[in-house]
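Structures given as structure tokens follow.
Below, subunit A partners subunit B and then partners subunit C, in two separate complexes.
Moving on to the complex of A and B:
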């Protein structure tokens, strides 16, 4: 199952040039771009591991592509996303986030139905990959 | 190639491309703002022509590779290497070879770390900052210290070489430094020599050029030299050149800064009543003559007063 999170996730995978153009847009807006990775892609897991510091003072997006590729070397089998943080007062949050790398195989999520009192059913989803310990989830 | 030329239907008007690119403005600025440096200006004009033709060829599909643009600027201190690097960044930006056209100036300290594992992130950080622009490494030979085999400079050099090769589209590296030491640096690091296409040498300024430069510097700050001051300055330049640590235009700038200081002091001490604009902006002979250079320069013991040369 293909993971769809953040912006552009229903589009085909981005090439480096696509990543560069999007990151350049974010930089031109004055947002700080950073690279993050994870092997726990649950939609509620908003804190991914940071790959280096956010790039506050790089005027060109080639640096972002460079870092994405460095991250791929180390964590090529995991999810890597590029996020753009807007520090403008009143916003101070992520403006843009898109997936730049995904594992070769995405097993998807298991839906668990918990039957409760009466006819209540509680739903939860769990990534099949997260059965295994961290670091061993995607081959 | 000529056979190929005839098969391409579209043509290119180089004069038109030249005009559109705005390169002309940069070259004109270069001519107007920088005095002397004729060989440097020639080389830059040649480089600009080469890049322009190369771009036209690429537009027609005749060339595909990005040419190697890394450069080395060699010359004595104060000969305008940093200033020209700024212009070069602008030029490359207008020609479309770098995307942003900013100049990041660094020295050894910015690239080399202090302990194991510190150098690589530091160098990469600088390289990332320079992407889309020009990285200017001043006194690049300090990166290589053969006397200490565990020096971290070597690590920085390796990362630099790798990025210079793999990210050629993303940044242009300019290495700068004194001629003889750069030659030795290139000899011991053949990887650099082969990755650098343009070696530009900066000649020393002649005395007349230095006088022109000082007049221009003063003019920018709305000062003028009196007649006597100009003669004194000529003499000063001649004497200063023979003394140690002569740094061309930089020495002159420092000398002028001190002359301004003396002028201010003189006005304070001698002024009786209100001063007009002319008095405030004229540097007289008496502001230049007290310089230590006229008394044999650095061999004279340091004096506590503000007249250090």
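Moving on to the complex of A and C:
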């Protein structure tokens, strides 16, 4: 399967130049860009691991590309995303989030059905990869 | 042209002599009145009957929407009646509209119960709309004071938290209304939901008149839809939702349906405007209490919003709904099959999404409006739109909007999932191009064609709907053209 979280997952995988262009747009909006990675891509996993702090005072997206590539050296077999934070009143949240790196193989998610009273079924979504311990999910 | 006579308020004992007196003489016309920051202000478009003085008509609207009746009553004198009288303070002829006038009327805050749209509207659009001396009356806009706004909950979730819950940022959300809107069984209905969500949409939607009919009872729909939502979520790793319409004949029934939707794990429920303001506020409170996004379908609004001379402008309905506390509301597409010219629609979108609306006559916004940190509402664009218009939609409507392609998804020649994928690819490609600095308004068709080179479903969609546009004159355009900036 292909994990399609993020702003641009239906486009071909991003090159460094794609990452730079989109990160520069975020920087030009006044947003702080940040790099995060995870091996637990459950849709409700809010907190991916932070690859350093958001780059609050960085004017140049080349630095974002550099950090993505540094992150790849250690976590290239995991998901890496670039996110942009907007601190203006009324937002104070993420304004953009796109996947910059994904594992070579994405096993996807298992849908667990628990039959309940009447015809009700409770559904649980579980990543096949997260059956394995943290750090060993994508070989 | 009707006359405009500047009548003087009668004071002292003469004011309360039994009998009939002009509204403008009773204190409902105060041309020197300066509205207080805490006043509610309403702007009406009035069309007096032939021969009726425009100022007297404005004073009558102020009177009939506040304290007056048709004759003098001595019991006024038991009250602080000067305070409770609404005051018409300005009357302007409408540009290029013979016989129509804009009347500005100020209401003291104490005339209204806190946190109640029902109470606000019972005054402002109550008896007054049937008043005989007027041919027609339209509520064009309102200025809601911060002191009053702070008595309302506002959108249960708001754009920011909705995006956080959906884990979706940086692009419009994508949806589709299940079609045909009537007749599908629960099982078949869920199929459409599954295909559309798996193909790339964030949301699917019940239509306004899907409640619980012989061909599909509501529990069946909810159960099959939630199976579809969960399967699509597992297939994509995304949070998915379907607006389960809980509209029903009683509040008890709506609460029961909403509770069932919650128990099945739905992120969103839906109601129709026709359930009424109090029911909407009740559901908004329920939604806030139960972590639920609340979608409002504006079923019925065109009966009173569409004609320029009579009714209530949609911009006022939008303001009331932001107070009432819904998260989603349909607001027009500009380019689709339903009413909405670009300038007026921009006014609506600003009311939904901004912290502060400056006066913008060219967009139909007559007052500065401070929203006092009330959550933002997500506008929904729906009705006759397709992937080939993506550059126009993104330009007109921006990023914080749900674009709903019903026919434009389900009508795809290669199936529903292909239709969904076409829309998602077109959208992401257009956002990418905009962010990369391209001129999407002019280069949009090229951008779509390029994206279609690696996406067959998009290529097919562009071919099928290449010539579809809905280009008709608008019935509700702004009265004022943009004025050029004066520079020193």
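General remarks:
The rule we apply is simple: the second predicted complex is superposed on the first by the 139 of 139 C-alpha atoms of A that agree within 3 Å, B and C clash if a C-alpha of one lies under 4 Å from a C-alpha of the other, contacts with A are read in each partner's own complex, and residues count from 1 in each chain.
One rule holds in what follows: contacts are C-beta pairs under 8 Å (C-beta built on N, C-alpha and C of every residue); 3 or more make two chains touch, one makes a residue touch a chain.
These numbers come from a predicted model, not from an experiment.
Annotation for the three-chain superposition on subunit A: subunit B and subunit C fit side by side. In the overlay built on the shared chain, the residue A:133 is in contact with neither subunit B nor subunit C. In the superposition on chain A, A:66 contacts subunit B only, with no contact to subunit C.
For the superposed model, the angle subtended at the Cα centre of subunit A by subunit B and subunit C works out to 100 degrees in steps of 10. Residue contacts after overlaying the shared chain place A:55 against subunit B, while subunit C stays out of touching range.
When the two complexes are overlaid, the chain among subunit B and subunit C that reaches more residues of subunit A is C.
Superposed on chain A, the gap between subunit B and subunit C at their nearest CA atoms measures out to 15 angstrom in whole units.
Under the contact criterion defined above, no residue of subunit A touches both subunit B in one complex and subunit C in the other.
By the touch criterion given at the top, residues 160, 163-164, 167-171, 200, 223, 226-227, 230-231, 233-239, 263-265, 355, 373, 376, 421, 424-425, 428-429, 431-432, 435-437, 451, 454 of subunit C touch subunit A in their complex. Remark: subunit B residues 99-100, 102, 127-129, 131-133, 167, 169-171 touch subunit A in the complex. Remark: subunit A residues 55, 57-63, 66-67 touch subunit B in the complex.
Interface residues of subunit A facing subunit C in the complex, by the touch rule stated above, are 1, 3-5, 7-12, 18, 21-22, 25, 41-44, 46, 83-84, 89-98, 108-111, 119-123, 125, 127.
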